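One chain, chain A, links the two complexes that follow: it is found with chain B in the first and with chain C in the second.
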Partner chain A sequence: MPVYFLEIIVVALGIIMLLVDAFVKLEDKRSIAWLGMMGLVVTFGLLFRVQWPESTESPFWDFYTTGDQMALYFKGIAILTTLGVLIMASDYSRIVVDQTAPPEKGAHPQSGLGEFFALPMFACAGLMLMSSANHLVSIFVALETVTIAFYVMVAYLRRNVGSLEAGVKYLILGALSTGFLVYGFAWLYGMTGSMQLDEITTALSGDNVNVAGSLFAFALILVALAFKVGGAPFHFWIPDVYQGAPTPITAFLSVGSKAAGFIVLLRLVDPFLSSGELVGKVILAVTVIAVITLIVGNLSALPQKNFKRLLAYSSVAHAGFLLMALACTPTTSQAGEFLSPAKVIAFYLGAYLLMTLLAFLVMTAVRVKMAGEELSSYRGLAKRSPFLAFAMIISMASLAGIPLTAGFFGKFFVFQLAVQQQQWFLLTVGLVGAGAGFYYYLKIAASMFLSEEDPKGDHSAIPVSSLSRIAMIVLIVLILIGGVNPSIIMGLLP
Partner chain B sequence: METAITLNHFLFVSGVLFAIGLAGVLVRRNLIIIFMCLELMLAAANLTLVAFSRFNLKDGQPDYEGHVLLFFIITVAAAEVAVGLAIIVALFRSKGTTDVTKVDTMKY
Partner chain C sequence: MSIILEIIVFLPLIAAIAIGLGAPARFSALGTAAITLLLTLIVAVRFDTNVEGSFQFASSRTLLDMEGFPTLSLAFGIDGISLVLLLLATLVMLAAVLVSPQEREIKGSSKLYYLSLLLIGGGAIGAFTATDLFFLYAFHELALIPTFLMIGIFGHGENRVRTAWTITIYLGIGSLILLVGLIMAVFALGGSTFAIADLIALAKSPETGIATEQQTWIFAFLLVGFGILVSLFPFHSWAAPAYAEAPAPVAMLHAGVLKKFGLYGLIRIAMPLAPEGMAAWLNVILVLLLGNIIYIGLVTVAQKKLDRMLGYSSVMHMGYVFLGLAAMNQLGVSGAVLLMFAHGVSIALLFGLCGWIREKYNTVHFEELGGIASHLPKLGLLFAFAAFASAGLPGFANFAAEVSVFFGAFKDTAESLGWLQWTTIIALWGVVISAVYMLRAFRSLFMGPPMEKMASPDELTMKERLPHFLLLATLIAVGFVPELLNQFIRPAVEGLFLLTAG
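Presenting the complex of A and B:
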């Protein structure tokens, strides 16, 4: 099966879900989400049966990479994230129904729920296209498909001021970063005379490169992508948007949009790294952003009281580690001897997917029962729901990077790269950041196990749907397997 | 005296447009004006694309690849405005204002 069928299938699935929502009389609209989940599982299976084209003469292949194992890996990440988001969304549906506009008389009591399940599918198709995009036009279109779908999803809870506020903030800053991105693309096109990334690489590694113009283009693109992945000082929208958005959408933003941002960043930085005159300055710029991101992300997470805000800063901190890997790119003469940053970033993102989805699954369960996302809602969780507390402990341990979890190897490979490239300053900042991470991740563990629960509150166990229980068990097992034998994930990479 | 308009003139104008748009986004407080300034930034990028496309000759012909991206940008910007204005209207209905300094329930 040709590789681009995957995107077509996911888009078609989204359209079918919308049609079912509009024309089929359903008792419970959550069956639309189940339809989507089944479709995504099938699509994930099809990833392993992809055939690469024999001839790439058609102009289509200027826009789309071919023979690219890394792209398949990132498509897998996109599909699994969307699957997790749909599981959370079906648990979260009661809140969505409560906080969208009241249904008109005679309308379905769950009206408006169908789109909430269909929109992630379109975002998923955008993410999948982004991981194969090979041309400025296809990168731009894929990125915007995802971003516009996210605008709607973040502001979905129309009767919740927080969600609308998050939506507006995301809209303005997302559009601002789009402005930077297209202006950067225009300059990159002007400097190289091409939009195809391979041709841009050839042009930039040639002799007569316009250094000032190319660096200007690079700076604009770096600013735009730092917005998308949450690199400081362009991260200021992240805490607000993460806090205000519906919880499943926050999970989608923090995993899917970060993974996609990084694959675009990897692809766009690559041509600049092949140019002898630009490479030094490019690495310096990425290093500066990585250092600021590591410091800001880890330190701002320390005093947080809201769990979603804490995870938002933690996602900034993780972006810092990923940028750190990018800043440790070996020069072309050394390539092949060392781990490649692309591979390290891909592994890190895979581990990040597992642990963040697990944290958000637990958070969704607690949110539905407790109507709160403050850390105080988690007090005494270990007594009420030992399984949820255990899942949260595994996730936090992995996010902090404790050995025997997949997160440990993610950080380990990043630090290994820094040592190989002798980036000692970056390594120091990274180690200090990882140390700070232990404090704020384990603070959550302490509040679940050590503190007494609120005497006035409800002490009953928190209900977990069987679907999310299965998802949590799978994620816990994968995190532990990845922490014992990382080569299982590494083996999927080229 | 006849002076030809060169690539630099176009780049200068588009640079000024981009700067005006960016300054507007940072300084103005009304969401609708901010949104207009964002569109101005996209227009700057479009002008740059067309200018480079006209002056980067390939076999004596302008290189039309720039125009292709331009049309995609226009289309995407239209979609973005449709969604964006809907969100702004929803915000106005719930808060009765489009002043960004009043949209501040979440901080630190």
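Presenting the complex of A and C:
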């Protein structure tokens, strides 16, 4: 099966879900989500049966990479993220129904829910296209497909001021970053005369490079992508948008959007790194952003009292570690001996997917029951729902990078790159960040296990749907296996 | 390929999972601890003491083998040094489970209590038997979160949550520093493998060994990293409050076993991989270890509560182990290994008794207790033995160990006394200090007239005596026949020197 069928299948699935919502009478609209999940599981299976084209004559292949295992890996991340988001969304549907307009007389009590399940599919298709995009145009189109779907999803709870505020913030800042990106693309085209990444690489590694112009293009692109992945100082939208968006969408933003941002970043930085004249300055710029991101993300996470904001800053911190890996790119002469940053970043994102989805699954269950996302909602969780507390502690241990979890290997690989490249300053900042991480992730463990429950509150167990329970168990097992044997993720990489 | 070590390592972890899923907590924990101790004894009996410097009962499964990253394998194996520590870990784990309260007496989840206990013990066992550097590090970290929860939930005193935070963050940061040191060492040696034996072989060969200047850096990271885990002065401030406020079984496991990991790491990793680094930092180590012995010794004397006093005394005794290592000869290092065992057993015994006293009298304050021996003579006798052992009286394992540490440190005297010898002379005063605080504690708790307001509990039951007898018997047996353990330690340490000297 040709590789681009995957995107087509996902888009078709999204359209079918919308049609089912419009034309089929359903008792419970959550069955639309189940339809989507089944479709995604099948699509994920098809990932392993992809055939690469024999001839790449067609102009299509200027826009789309071929023979690219890494792209498949990122497509897999997109599909799994969307699957997780749909599982959460179906648990979350009660809140979506509450927070959207009251139905008119005779309308379905769950009207408006269908789109909430269908939109992630379109975002997923965009993410998948992004991981194969090989041309400035296709990168831009894919990025905007994703972003526009997100604008709608973030502001979906239209009776909720927080959600609307988040939507507006995301729209304005997203538009701004798009502007930077396009301007950067224009400069890049002006400097190299091409929009195809391979040709740009050739042009930049030639002799007649306009250093100032190319660096300007790079700076604009870096700023725009730092917006997308949450690199400081362009991270200001993250806490507010994460807090306001519906919880499943926050998870989607935090995993899917970040992963896609990083693969675009990797692809766009690559031509600059192969240029002898630019590489030093490019690495310096990435290092500066990485240092600021690590410091800002980790230190701002420390005092947070709202769980979503805490995870928002933690996602900034993780972006910092990922940028740190990118900043430790070996020079071309060493490339064979060392792990490539691309591989490390891909691994890190895979582990990040597992642990973040797990955290958000638990968070969704707690949010639905407790109507709150403050850390205080988690007080005494260990007594009420030991399983949820256990799942959360595994997720937090992995995010903090405690050994025998997948998250540890992510940090290990990053630190290893820093030691090999002798980036001592960056390494020190990374260590301080990881040390701070111990504190803020354990803070969640502390509120679950060490604080007493609110005596007046409800002490009954928090219900978990069997689907999310299965998803949590799978994620826990994967995190622990990945912590002992990283080859379950590394084996998927080229 | 022998799987007995894998069974010993994974049994506690599997039991912990089983308890989490609903197996009877105390019963499973007790059974697991007994079986692991039994298996360890079988290993000890079948251990070949004629083999020098290689791992026995080895098993290895390659997990990750890719370009640009060292081969990662789940590998276990023991030499004499790790065998002794494995014995220590399984013995103390059994005692710790035995002194743990019955399920119904635990405030909070008894599942969590026993599960955490098994994870702490299992982590230590894994760390001592792993022959892959990565897993050696990783297993030690397994104890981090269970310790946090144990102290925070089941600990004593109002500050327990704060203490739980302190120890976790402190040890977490220590292990991050350690991690950097380990990564630096692995990649300075070519970054092709994590297998400890291969790394040592690379380090001793002049072509692939690490350059002196680099060794100095690496050793500095390793010293600080391991030093934090061992509570080396001035990185000790986490230890005493944590041990004082932890539940007795956790204090036993942590002070007795887990803390030895830092020392084990220095012997196993830091000294063989960076011997010149060690030489460069030797004088600094000597000063720091005097900080442990003399400064912390005096701090111990000033304590007014038994739990804190024991906590500080365990910090203090680490200084002797460092002295043995600093001697860098056969006698000193063997003494250090034996002392790790002896100290682990004796401090576990003392913390066990301290926990019993706290439970029955609701206080461990010296001023609120007195004359216990007059109505509980058996407890008094047990405590006296434990205190004498800890102070290093002849007839106990601690004495045999301390003597060989001191002789080792003094052995290579040339015509004049060097830094090491002067340090030894000053360190000898530590023995007096330990006698002072141990005897003072014994006098104020057990001698004199009983306090009026004091509770009067019954004597230890047979069940309660069992774990303490177990530990005390070990101390006496090894004290009278140090060869019991020295037969394992000697060839291993010789192997170590063959390796490092080569």
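Here, the second predicted complex is superposed on the first by the 494 of 494 C-alpha atoms of A that agree within 3 Å, B and C clash if a C-alpha of one lies under 4 Å from a C-alpha of the other, contacts with A are read in each partner's own complex, and residues count from 1 in each chain.
One rule holds for everything that comes next: a contact is a pair of C-beta atoms (placed from the backbone, for glycine too) under 8 Å apart; a residue touches a chain by one contact, two chains touch by 3 or more.
Worth saying up front: this structure is predicted, and the values here are computed from it rather than measured.
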Legend entry - chain C versus chain B on the shared chain A, clash or fit after superposition: fit
Inset, instruction - Could you say whether A:L171 touches chain B, chain C, both of them, or neither, answering first, second, both or neither? - result: first
Inset, instruction - Tell me which partner A:M195 touches in the superposition: chain B (first), chain C (second), both or neither. - result: first
Inset, instruction - Applying the touch criterion given at the start, work out whether A:V24 contacts chain B, chain C, both or neither, answering first, second, both or neither. - result: neither
Legend entry - chain B versus chain C as contact partner of A:V211, first or second or both or neither: neither
Legend entry - Contacts of A:G244 with chain B and chain C, given as first, second, both or neither: first
Inset, instruction - Measure off the angle at the C-alpha centre of chain A toward the C-alpha centres of chain B and chain C in the combined model, and quote it in steps of 10°. - result: 140
Inset, instruction - Classify the contacts of A:I8 with the two partner chains as first (chain B alone), second (chain C alone), both, or neither. - result: neither
Legend entry - Partner chain(s) touched by A:M490 [first = chain B, second = chain C, both, neither]: second
Inset, instruction - Using the touch definition from the top, say if A:F415 reaches chain B (first), chain C (second), both or neither. - result: second
Legend entry - Three-chain overlay, closest Cα atoms of chain B and chain C, distance in Å: 25
Legend entry - Shared contact residues on chain A - chain B and chain C: none
Inset, instruction - Would you pull the chain B residues touching chain A in the complex into a rising list? - result: 18, 21-22, 25, 31, 34-35, 38, 41-42, 44-46, 48-49, 51-53, 56, 58, 63, 65-66, 68-69, 72-73, 76, 79-80, 83-84, 87-88, 90-91, 94-95, 100, 103, 105-106, 108
Legend entry - Complex contact set, residues of chain A against chain B: 136-137, 140-141, 144, 148, 151-152, 155, 158-159, 161-162, 164-169, 171-172, 175-176, 178-180, 182-183, 185-187, 189-190, 193-195, 239-240, 243-244
Inset, instruction - Please give the residue numbers of chain A that touch chain C in the complex, ascending. - result: 336-340, 382-383, 386, 390, 393, 397, 402-404, 408, 412-413, 415-416, 419-420, 427, 431, 434-435, 438-439, 442, 445-446, 449-450, 483-487, 490
Legend entry - chain C residues touching chain A - in the complex, by the definition given at the top: 20, 63-64, 66-69, 72, 74, 109, 111-112, 137-139, 141-142, 144-145, 148-149, 152-153, 161, 164-165, 168-169, 172-173, 176-177, 179-180, 183-184, 187, 191
